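Chain nomenclature is as follows: A, B, C, D and E, assigned in order of appearance, with residue numbering initiated at 1 for each chain independently.
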C-alpha cells in the first residue's frame, strides 16, 4: 500500500513547522527522510501516525487510498502503519517480552507473520534480556526493542524515526540487511535518519526537509550520494 | 564540600581516575565485570563496545549513580566508591546522560543556569532573581552558544526537537566547568552538521581536561581520543590506541560495522 | 488478653477488617494503583453502591441481586463520569484530582438529599445469619463470608493483572499512552473499561461492606482514606501489595487497639508513615 | 493604617434600638450538609415543626428564623454567626450542634451581647467552665449529667456488680463515661475496665472481643450518634453476645440506630434525657406531627432538642411578650416548665437544664416503629451529682485519666 | 519589561488598590471579616502552592501545620503569656513541625509525598484530639484574644492584607531566585540535580521549611481572627480544600491561591446561605473550572486573553512566576 502526502502543513501551538510537504511512498519502497536537527522530521512522522500534537492545519495524507488525515493513531496503526518513535519510548515497567507480546497484531498481511521468536532471532540480545524490565535495558537494547515492537504489529509501512540512535555499528548492518530482506513482502519503509551513510545505503529514494518547512529536494539515493554540493547544501556534509 | 586539594593542580602526573577491578551485578546480569582503568591528567579516553556491554553502567559507577558490587573507584586520589553523586559532582565530575535527562518544564536557558550553579553557594541564593545577568547566566549563554542553541534559549525544553535536547545535554555538562568529563554518546541524535560542531567543540576544550567518551560513531570515538577501551558483556576486550583497536580482530568481529571497517 | 480464644478471635477480627479494607480498596487498586488515575471519587462510588445495595436488599432480601444492581448503577455512573469528564484531563494529575473531588462532592451531597443521613445497614434478612462455633470460639459467618469475597476478588485481580494481556496493556498505557495507541490499542476505551470496573468494585465493596459497617454521609471520605492507605502501604500497582497492606492494617488495628490503646487513634496512619519513611514507594512498590 | 479610617464601620448596632420590633429574629446555625447533616437537619426540623404546629406568632410577636449551614466547621460557624448578628441583626442565636462549634459561637455571641440557645450541644463546659450569662442549654443535657443516672440504675435496679465501659475517645465520650462511672461507683458498682474507641472506628469487633475477654456483668457504651452505634451493635450481636448486658447512652441508641438495626434490638436498654416512648400528651403531639412531616419516622433526640427549644421560647414570649438579650435569657432560666416533651424542666445558675433522665428500653409499637420507652425515671437531675458547683469546677476536665 | 508584564503589573496594582480601599466602601464588619478569612486562607494556600508549584510536592498536611501553630498560640494565651511570646512559640512549633515533616517526607515524591504528609497531618489531628490537657481536646481552645486593638475588624483586615502581600511577595521572590529554579529542577529531575552537585535532601527540606513557616504564619492569623482553635482545623478535609484552592486558582501562579481561596470561602460562607445544596454547587464549580480552564483560573486567563487578541499564547515556561500562565500541570506522557 502506498502513502500519499499532499500539501501538508503542520504546526504546534507555538510554531508552524511544515509549510506544504508533498511526497509518496510506494509499495516495497524504502524512503529516507533527511534533514538537520529541528527541521521537522519528527513532526512529519508524528503527523502521519496521527500523534497529536502537532496539528495538521492543511493538506492531507492517504494510505492505501484511505484518507488518514483525521484518523486517530490506533486506527492508523490498524491500517498497517507502525512507528519506531524517536527516543525509543519503550514501556519501562513491562519486561522485554511483555513489550512485544502486548502489541496487538494485524491479521491481514502478505509475508511471514511476526512473532516474538522472530524478533528475538532478529535481535538475539533481546532474547537474553527477555525478562528484564525494559527501563533497565541499555540504550541500544531499548532501541532494538522499539524496532521489534513496531514489527510485531505486522506493518505494511514501517516508519522509523532515527532507528540508528545508540546502536552499535554492527547492529546497523543487521538492520540494513533485514530490512532489505523484508522488501518484496510488501513492506515499505520510511526512515528518518541522521546517519546519512546508513540512510543512503538502505533507501531507494530520499526526501530532504530544510528550515523552510518544505521539501527542497527529493530524488534517488545514489544521486544524492554522489552530489557533494547537495550534501553540503542541505545536510552540511 | 570542596575537594581536599585543587584536583587540577594536584601532583602533576598523578592519575585523575583509577578504577580497580570494578564489577556490577544486577540479579542475574553481570553488567560490568572486572574492569580496571587508569586515566592520566589531560587524557581523552574512549569506551566502545556492543550494546549492553556495560559502558553506561561503568559511567554510572564513576559518577556515583550506581554502587559497584565489586572493586573501587578513585577520583583525584580519593576513594569515592561509596561517595554520593552530588559530592562527586562537587569534586568536579561532569557528565551527560545517554538518555536525555533534562528539566522538561523549564526553559533551555534556565536548564543551563541551574547546571551552571550546581554545587555552588549561588544556587541557594533566594533573594535575588535567578535571571539576573550574573556570572552563571553569562556562562550559560556562552555554553548555549557553543552547542548552537542560543536562539532556542527561551523555549521550554519539552518543545525542543530530540537533537536539540541532545545538544542541551552537552551544554549542561560543559557549563559546570568540570574537572573530569564523562560523555555518554554525546553525538547520538545529532545530525551530521551538528556532529561536526560537536567534534570541534570537544577538540577545543582545554587539553588539561580529562575526558571519558562513549560513542558508537567511530569517527568521534576513534578520532577524538588518545586511548580506547572496548568492552563486551561487562568484560574488558582490549585497550590501546585508536588505530590498534580498530585493527583488533575481536573488535572488528563483535563490534565494528561494514562502514567502519573500510 | 492473651488467652487462645481471645487471640484467635482477634486474628479473625483483623483478617475480616483487612478483608473489608481490601474490598473497599480493590477498585482503587485498579484505577489508581494500575492506571494512575487519582480517583478521589472512589469513596463516593462506594457510598452510592452501598446505598443502592441496602435499598435493593431491603426490598428483595436478596444479597446477590443487591450487589448486581448496585454494581450496574454505579458502573453506569462511572461510565458517564469517565466519558464526559475525566477523558479530557487524562494523565494530568491535578486536574484529575480536582475533577474527581468535584464528582465526589456532587455524588455525596445528592446521596444525602436522596437517601437521607441515617446510618444504613444491610438488613439482616440479606446477610448470612449465625456464627461459626469451634469450642469457645464463636465467629459470625458473615465476616467469614467477607474474607472469602475479598480473597476471590484479590485472586481475580491478580489473574487479570499478571495472566492476561489486558493487565500489560494497561501498564503499557500508563508508561506511554501515546505509543501504545500508535501500536493499535484504543487505550482510551481500555481505560474507560477499567475505570468502570473499578467503580463497580467500589459498589460491590459498598454493598457487601454495609453488612459490616453502616453507610452514611462521611463514609465516602473514610473509605477513600483507608483505601489510599492500603494501596500506598502495599505500593502502587501491586495487587499483592494491596492485599498485604489490608491484612497488615487489619491485624495492627485489631491488636493495637487491644494492647496499646494509647495509640488507638494512630493505628492506620502511623504504620503508613513508618512504611513510607523506611520504604518511600511502599512495601511492594518498585523503586523508580 | 490610614488615619481617617477611624470610622469605616458606620452602623454596627446603630439602628437596632430605634425600631421597636415586634419580630423576634432568630439566627439558627446547624450543619445541614456534610457529615453531620442528619443530626443538623433534625435539629432544624424540630424547631420548625414547633412553629408550624403552633404558628409563629406568639402574643403579638412574630418569630422569624434564618437558618444557616455551618457544615460542622467552627470557622464557618463563626462567620455565619457574624453574618446573622451583623447583617441580619438577629435577636438570638440558636445552635450550632457540635461541641467545638457550639463553644466557639457561644463565646462570640456573648462578646456581641446576643443570647445563644443550645438545642443539642452536650459539652459539659458550655454550662460549666465556659458558662456565661447569655448561653443557655435548652434542649439537651451535659454528657456527664445525662449518664450519671444510668450508672445509678445499673448498680441498683439493674442489679449489675461489675461493668466494662466502651466510650468515644474524646470530650463527649469522656464526659458521658465519667457520668456513668460515678453513678455506678457511688452506688457500689465496680468498673473493671474502660475501653476507648477513636471516633473514626468503623469496625468494633476488636473492642467486642476485649469486652468479652473482660468478663464483666454489664457493658456501658457511649457514642456521639451516627455510625458508631449501629456499627458497635452489628459487631456485638454478630458475635452472639447478650443484649441484656448492654446499656447505651442517648445517642448510641437514638432513632437513627433503631432504624438502621431494626427488630433485632428490641429490648435494648439505654439512658437519656429524651424518651420518645414516654406516655405524655406533649410527646404524643410531637410524634404525631413529626410522623406526618417525615413520612412515618419517630423523632429522635435532635428533633426533640430543636422542638423543646422552640417551645421554651414560645412560652416566655407568651408570658412576657417581646424579649431580647439578657431578659430573654433570664425569662427562660427562671421559669420551670412543667410537662413539656422532656418532662419537668428548670435551669440551674449556670443556665443548664435540670430535668428528668430516663432509663429506656426499645419497644416495637403497633405502627411498626421502634420506640425508646422509659422503664425508670430520675427526676430533676442536675449537672453536679450532689457536689458543690464551685468545687466541681476546680476539678480537671474529664478525660481518660480523670473520670471523677 | 515587555507589554504583557506591564499589563500584569497594572492589574496587580489595581487589585491592591481595591483591597486597600475595601474598608472605605462602608462595608460591614461581617464583610471585612469575610475578606480577612479569604486572605488568611490565601496565605495558607500560597504555602501549599509554593511547595506544589515549584517543588512539585503537593502536601496534604499544611492544614495541620497551621493548626499546630494556632494551638501554640492558643496554649500560650491560656497560660497567660503575652502576644509576643505567643508568636515566638508558634514560630518554634511551626519550625519544629515543618522540620519533622520535611525530614520524614524527603525521600518520597508524588503521590507518596502526598500520603506521608497526609499521615503526618492525621497524627497531629489525633494528638489535638487526644492531648486534651494541652489542646482542650475536641472542644478546642477558645477565648484566644488578638493582641492590642487588632480585634478591631478593619485594623485586623489591614494587618492580614499586609501579611498577605508580604508573604506572597516573599514567595514570589524566592520562587524566581536561583533557589526557586533549583526547586523546579528537582521537580523535573532529581537524578539530574544530583549529578549537578545539588544535595536533593537539603533543598527539599529548605523548601518545606519555607512553606511550613508561611503556613504557620497563616495559623497565627487565623487563630487571632477566630479567637478559637479546635481539631477540625487540623483535619484532612481542610487540607484537601487547601489543595483544591490551589488547583482551582492555578498551581504555580501568583494569584491562584487568592482566587481559589476566594471561591471556596465564598461558596462555603455566602453561597451556602442562599443555596441549600451548596456542596453540589461547589462540586460543579470544580468540574466546570477544570473543563473550561484546565490550568486553573489564574493559569488560564492569559490563554483566554491571547485568544481574544487573536494570537496564540507564546511559549512561556510553566511554573515560572514571571509569566502568570505558568501552570506546571505535570503531564505524565511526555511529548517527544
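Of note:
We adopt the following convention: contacts are C-beta pairs under 8 Å (C-beta built on N, C-alpha and C of every residue); 3 or more make two chains touch, one makes a residue touch a chain.
The shown structure was predicted, so the numbers you read here are calculated from the model rather than taken from an experiment.
In this assembly, A is the chain whose CA centroid lies farthest from the centroid of subunit E.
Taking each chain's centre as the mean of its C-alpha atoms, the one that lies farthest from the centre of subunit C is B. Rounded to whole angstrom, the centroid-to-centroid distance between subunit A and subunit C, based on C-alpha atoms, equals 44 Å. Mean C-alpha position of subunit A lies 48 Å from that of subunit E.
Centre to centre, using the average C-alpha position, subunit B and subunit E are separated by 41 Å. Between subunit B and subunit D, the centres computed from C-alpha atoms are 73 Å apart.
Residues of subunit C in contact with two or more other chains: 109, 174, 176, 178, 221, 265, 268. Residue positions 155, 159, 162 of subunit B are each in touch with at least two other chains. Shared interface positions of subunit D, i.e. residues touching 2 or more other chains, are given as 33-34, 169, 198. For subunit E in complex with subunit C, the touching residues are 58, 104, 107-109, 111-112, 115-116, 118-120, 122-123, 126, 129-130, 236-237, 240, 243-244, 247-248, 251, 277, 279-280, 282-287, 289-291, 294, 329-333, 335.
Note for the complex: subunit E touches subunit D at residues 23-24, 26, 28-30, 32-34, 37, 126, 129-130, 132-133, 137-140, 142-143, 153-155, 158, 222, 226-228, 230-233, 268-269, 272-273, 276-279.
On the side of subunit D, the complex with subunit E involves touching residues 1, 5, 8-12, 32-34, 68-69, 71-76, 78-80, 82-83, 85-87, 99-100, 103-104, 107-108, 123, 125, 130, 169-172, 174, 198-199, 396-397, 399. Residue ranges of subunit D in contact with subunit C, taken from their complex: 33-39, 41, 169, 195-198, 200-203, 205-207, 209-210, 212-213, 226-227, 229-231, 234, 238-240, 256-257, 259-262, 264. Interface residues of subunit B, counted against subunit A in their complex, comprise 26, 29, 49-53, 55-57, 98-100, 155, 159-164, 167, 185, 188-194, 196, 216, 218, 254-260.
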